[in-house]
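By written order: A, B, C and D. Residues from 1 in each chain.
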Amino acid sequence: MQPSDLSLNVFESDAENTWCPGCGDFAILRGLKLALVEAGIHPHEALLVSGIGCGSKLPDYMHVNGFMTIHGRPLAIATGAKLANPNLHVLVVNGDGDSYGIGGNHFVHTCRRNPDITHIVENNQVYGLTKGQYSPTSEKGFITTTSPDGAIEAAFNPIAVALAAHATFVARSFSGDPKHMARMIVAGMNHRGYALIDVLQPCVIYNKLNTYDWYKQRIYRLEDEGHDPSDHTAAAARAQEWGDRIPIGVFFQTEAEHAYEQDVRALAAGTPVESATRLHRDPRPEQYEALRQRFL
Amino acid sequence: MDIVNGPDITIRLSGDAGQGLESSGAGFVLAAARAGLHVLGTPDYRSRVRGGNNFFQVRVGNSPVYSQPHEINVLLALTADAVTTHADSVMEGGVVLTPAEVNVDDSLLRPRNITLIQPPLVELAKQHGDKMMTNTAALAALAALVGFPLQAIQDVIAKNFSRKGAEAVLKNQAVANAAHEATMKDAGRVPWKVSVPAHPQPRMAIAGNQAFALGAMAGGCRFMSAYPMTPATTIVEWLSSVPPEYGMVTKHAEDEIAAICMAIGAAYTGARAMTATSGGGFCLMVEALGLAGMTEVPVVIVDAQRGGPSTGLPTRTEQGDLLFAVHAGHGEFPRIVIAPRTTEDCFEMGWRAFNLAERYQCPVIVLTDMLLAGSIKTIDPVDFAAVPIDRGRAIELDEHPGDGFKRFEFADDGISPRAFPGDPEAVFASSSDEHDETGHINEDADNRVRMMQKRMRKLETAAAAARPPELYGPADAETTLLAWGSTYGPCREAVDLLNADGRPAANLLSLTDLWPLAPSTEDLLRDRRIIAVEGNYSSQLAQLLRMKTGVSVEGSITRYDGRPFSPEEIMEQVKEGQFAAV
Amino acid sequence: MQPSDLSLNVFESDAENTWCPGCGDFAILRGLKLALVEAGIHPHEALLVSGIGCGSKLPDYMHVNGFMTIHGRPLAIATGAKLANPNLHVLVVNGDGDSYGIGGNHFVHTCRRNPDITHIVENNQVYGLTKGQYSPTSEKGFITTTSPDGAIEAAFNPIAVALAAHATFVARSFSGDPKHMARMIVAGMNHRGYALIDVLQPCVIYNKLNTYDWYKQRIYRLEDEGHDPSDHTAAAARAQEWGDRIPIGVFFQTEAEHAYEQDVRALAAGTPVESATRLHRDPRPEQYEALRQRFL
Amino acid sequence: MDIVNGPDITIRLSGDAGQGLESSGAGFVLAAARAGLHVLGTPDYRSRVRGGNNFFQVRVGNSPVYSQPHEINVLLALTADAVTTHADSVMEGGVVLTPAEVNVDDSLLRPRNITLIQPPLVELAKQHGDKMMTNTAALAALAALVGFPLQAIQDVIAKNFSRKGAEAVLKNQAVANAAHEATMKDAGRVPWKVSVPAHPQPRMAIAGNQAFALGAMAGGCRFMSAYPMTPATTIVEWLSSVPPEYGMVTKHAEDEIAAICMAIGAAYTGARAMTATSGGGFCLMVEALGLAGMTEVPVVIVDAQRGGPSTGLPTRTEQGDLLFAVHAGHGEFPRIVIAPRTTEDCFEMGWRAFNLAERYQCPVIVLTDMLLAGSIKTIDPVDFAAVPIDRGRAIELDEHPGDGFKRFEFADDGISPRAFPGDPEAVFASSSDEHDETGHINEDADNRVRMMQKRMRKLETAAAAARPPELYGPADAETTLLAWGSTYGPCREAVDLLNADGRPAANLLSLTDLWPLAPSTEDLLRDRRIIAVEGNYSSQLAQLLRMKTGVSVEGSITRYDGRPFSPEEIMEQVKEGQFAAV
């Protein structure tokens, strides 16, 4: 399966890594590289879009087309890129604050829109880069500088919301298990449509509650308990599990829906990127005559 | 072609929202355009979907018309309310055409010698089609009164109703026939006549937004994401109506932030991509505008201005966003701001915006406004073959930049080589953080200074090629009007009115390229008595020019009630010499 | 129950109503007035916040404290008002585009935040005021100017998403039934926490699909089928019903959670509005000494 | 109190992020403040949480210190990298203090005669506490070298570690003791000494953001909603740390749009409410800013500026948002823009912003910056009793405006009566659409013009009361520096340096009230040779002043690498006379 010229070091970058020692993001970086090798995708074939946050620095740390954008907006930017050039493998990687906090609206609409984008969320249940405020996924009672008495909002449940918002591929993985993660990412990339992979990612500095150990004691694999990913109701029930037992794996997947761009009829005439390139070399003004006629 | 008894005729079609006035008006404009006349049709409507008085005003002339005059010749009123509301605007000796079924208070008309003509339009519509076709009947009646050929109206009905089916066409045509016939007896009471040449020169009848959209397509734009907002919505609506064969991808996004971000994503990959909105939506785009500035993504953003602040006067015109557009975004980065003045400009800006964006690798903001966006004007058929495409320093897919591609090279003119994701030889990163030449995050002071200077140099490069203010009228004149955007039209006509007696009383400097300013701007402004004419409260262009050139205007004429200027009011204010201070 | 001085005409306004004849918003206006009378709330005791759209003009058409704000933001504005003055009865009324389109992020976070706000959505499944583009709740295939080939995204399901996002009161009503609506609104106002009442509202101009008749043929009442609003799973299942049968009524309600402002400890010391008012009359600088000591 | 061998000493504490430098530095500042010294502590850090060289620089003086000098006396370096990075900044004859465990390349120090002192700090920390306490050891060693009393350090350790428990306090104190003792033998090698008076006058040691937050509370602010963003985050963090008895409600919102909207909702109901962010977040607030302008809601917005554009240099300082803040938002509406120059100003702006917002019923933008926000300075203890509260035309709950309350009355000064929801006598509506005096939507042209004028008159009313530019230094001087924000500090010291020989070479005009400008501004600027000194690329204040007054500056000194100005570099550039054009 692995094309001979692809190996992890093809994706190596010499940029200085600024993550804290022990940060769960290292494993996500590794998991993503493993997945790209496994899927046979070269650095130039992918576009990796991120937002702002510790996790969103990831594209800086690998050799791939990377676009580190603004806080909360990578899904929208990735959607534009995918529609303009569906030939690219478009991935998004960003933090929980980026994805579900400020980026929440794009998240719910991307779910129902279903563009062929693989979305990896580095979910450390905290705002890392801004030094430790609570995030939408922080548990009730989680104490931070902006929640000194403990968070008093119910935690945002990305799996449940994605399911309710019509996502067609919904999975969870864990930084403690890069191989599982790579498997989830490959599955997400193979999925035709939007794929959410929420990764439980320990922040060793600002989250002293949801640590590697804490997770390891609780995590189980959905596949080990015979969960059927085609069963939406079962997926929704599993999505409610948290606390004593935390499932990882594919909660739900359906190929019954088209990816958004498959239904964009204009794309059959060539992609917007191709049109611009063609035009550059070979303007074809005659095709506009019919448009002009509308006004005559 | 000729207009009898005057260089032009202005007709106001008025009634309730939902009575189909705007489409009747547009139909009349198209018919007149096909007949080789110069026409300008301007809508005026409220922020509601049904009910409430709206109007659509059509000016028809022998030569190009640039604005709506202060007074109208003919009022076509579908409701009693329309007569009451607009009687004052009808000139002495003018005409009011209204269905016999409408009760008119004659005392409004008689003192000013206005002729009232009342064919049974509602009845005729009911009889030959249905009541909803009263507007068709009115249009045919109007044609009868001003001597406009019924056939031209019938042709337009055929074109416009064809998607509603053959029966709709036939019924409307029958209504038109009947109304025309019933009104002919009154034709003698109307002094102004439009006569049409046998072989008219064809003209396009097109709204500013449509012209812009067409220009964008001519310029290779094949991606547009937007969130609806008056008066920008018709751009994405029109582009969405283009058949799939054109490859025009449009996306109605969940909000304006998504809209601009999608366009940025598309432009990043190499498409010519844009978004359009009005001021309120533009506010939401400002953070992403900075992203495009920092990562040098050539995205085009249309801000179709309307009355602000906030929701303001959502269906009315204003030029209130200039200083905001020039300064929007935290920190400092190059952007280009251009503004069409006419419908012709709209088409040109449509493609030019993309050339500028790709050449200077920065966001381009096109400031249009409600008046331009919605007014339908006759223009010479646009020439697609003449549209130049300039993709700037985009590297070709078969070039080989090799290892360590420097997307943000410290180029002398600030313009670095640009690759598109997918190129096996030019894998690269971009970051909204300050970055080095390869696009990787970098906080060092030296790199920062050099990268900031590199980016800002693009502004000088762009300024050198910017279009300077354009002069209309005599080279020297007592007063120089200063205008941008749709205010150009009434200013131009005001100059003609002021100079009508042959004395060079006034001329006009108008700008399309508002930021960066052409280096010659200062020289062009110096030693003139300048009066800025702007559709805003604080004379924003005059302020911008003082900030950048140090030159002050003498005063300004402003309007911020959402209604367009008329040439007459500008002329009068210039004559009176009472100006607002800037 | 009705205080003697309250009647519908207390809420009458003489502002010109600009809705189209037959618009479903008229019934919502009436339903809301009925509910306020029923709940015994006077015009000055309520604050009605709206966004922008046909439906968001509603506060202009009644006599009540009204704040017509900007598109998509009324929930956030209402939350600030409620936290600053919890004594006010805070309601939000806005369209589906306002609420679930541009306002989607505030919607999902308000659900889990649970401030005591009653939220009435005028859901006509279309953008009315901007003349007929498709909205997040438009059905797949719905043809509009921005979806000339029919909408190709799965429709946003507000009931399902609210449930997944931890809303504590989730209901649906119908413009064709102002009494039902009034009942839902009263229940929502009596609910301690965020209450969503999604109202199916025919737009007679731009939605020729989801008409009064279309709804009447499909609508049934949850209470008539023995639905138990305390059963979250059953609620989620009912939320999926659409098409042939459309349920109205309370899908879900729980009082197990505190309203957000009940858990804001600082509010016990007086509301921000009271503090400002007190300060106006009676500055008490001595209380700051302890704060000053932090820096000495 | 006295500093031996110099008016002040500057010490740089440097090491990796996560080594606790900022808290050690803050501890030292507090100790020095308690000892009655004037201190300024300035952090410098990267956008990362652990690793990478950071520093915290403390200047201690006999008299108030306003900025960080070009060269430092003592470098306290916890890593070899810190020595390499900062050796250049140590003055000739200066001192480097570093743990014996750090390998130092002596060739960096010897040529410039720098003394290297290396007590075994890591070992001592391990021995008496744990390795993490090396920073405590270093602080005590520093005290030993500069003759600062160990007891003052121990007291601060007791205060700062008390929440971590008695053991943490004791261990840190033991480490401090041991390090102090071990370093005393080298004290003679350091020429500069800090001697402390027996009965020092107490001063507060406070960061700009904390001073602002304290000022806001003094001004009655009890509601703050925010979304974290450096360097504004510490405002909401500090206010969240206030005990519940104070009734201070804070809300970490889902995004900046929600943050400002919540604050607007709170202010609407009558609370004193604010939000705080940096440029990127402010971009997202612009639409709601216009809402506050249109509906006349007194909301306070802090923009703590950092290096832009876009994410830019997220942990560094800049003054790049001025023109944006003044023009942010589509359409035209009154807003007030003020900027603190010093930590004292921060406190004052904290309460003053609310008085301005409520008096003029409009949004107030406070432009602070990273340098002010994060620097800890000693200030005279603030006086809460002296804080005035002005709620403007807010009607009292027991006033009876009666039926048809006109919230937006066409008042002469533009300021209409304001009621709060809940008042049984003043039920009212507000709308972001243009509205009539009662707040109901109204599109009429006449009403529009009057309402627009009413709103805009508030700007004139506010301008009349705005603070004019303030002069520092001799009334007349060859050169007038122009500054705003944190650049005031180094400019003030540059003026002193330039005038050191007694000749009036320079003075300084500084502004806190940036918009609207006081009417006397133009007169104050005229006939001076003005050099703008700004932490941005394009001299935004100079541009703003030219736009509004027509007066041009001679040139400007700018810095946009995210690092603060030093007084010496300003002095030198003034002497050289090489300025950037504006």
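Just so we're on the same page, contacts are C-beta pairs under 8 Å (C-beta built on N, C-alpha and C of every residue); 3 or more make two chains touch, one makes a residue touch a chain.
Bear in mind the structure is a predicted one, so any value in this text is a computation, not a measurement.
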Which of A-D and C-D has more C-beta contact pairs: C-D
Chain located farthest away, centre of chain A as origin (C-alpha): B
Where chain C and chain D are represented by their mean Cα positions, the distance between them in whole Å: 41
Inter-chain centre distance, chain B versus chain C - centres from mean C-alpha coordinates, in Å: 37
CA centroid of chain A to CA centroid of chain C, Å: 31
For chain A, residues contacting two or more additional chains: 52, 68, 70, 102, 104-105, 109, 136, 149, 264-265
Shared-contact residues (touching 2 or more other chains) in chain B: 46-47, 244, 250, 254-255, 257, 280, 287, 290-291, 295, 310-311, 431-433
Touching residues (chain side chain B, partner chain D) in the complex: 46-47, 257, 278-280, 282-284, 286-287, 289-291, 293-295, 303, 305, 307-314, 316, 318, 320-321, 323-324, 326-333, 431-434, 443, 445-446, 448-449, 452, 456, 536-538, 543-544, 546-548, 550, 552, 560-563
Residue ranges of chain C touching chain B (in the complex, touch as defined): 18-21, 52, 54, 68, 70-72, 101-102, 104, 127-131, 133-134, 136, 145-149, 205-206
Chain A partner contacts - residues on chain C that touch it in the complex: 102-105, 108-109, 112-114, 136, 149, 152-157, 160-161, 163-166, 233, 236-237, 239, 257-258, 260, 263-265
For the chain B and chain A complex, residues of the former touching the latter: 33-34, 202-206, 210, 214, 217-218, 220, 222-223, 225, 242, 244-251, 253-255, 257-258, 261-273, 287-288, 290-291, 295, 381-382, 384-385, 387, 389, 391, 394, 397, 420-433, 439-441
Touching residues on chain B, where the partner in the complex is chain C: 18, 46-52, 227-230, 233, 236-237, 240-241, 244, 250, 252, 254-256, 280, 310-311
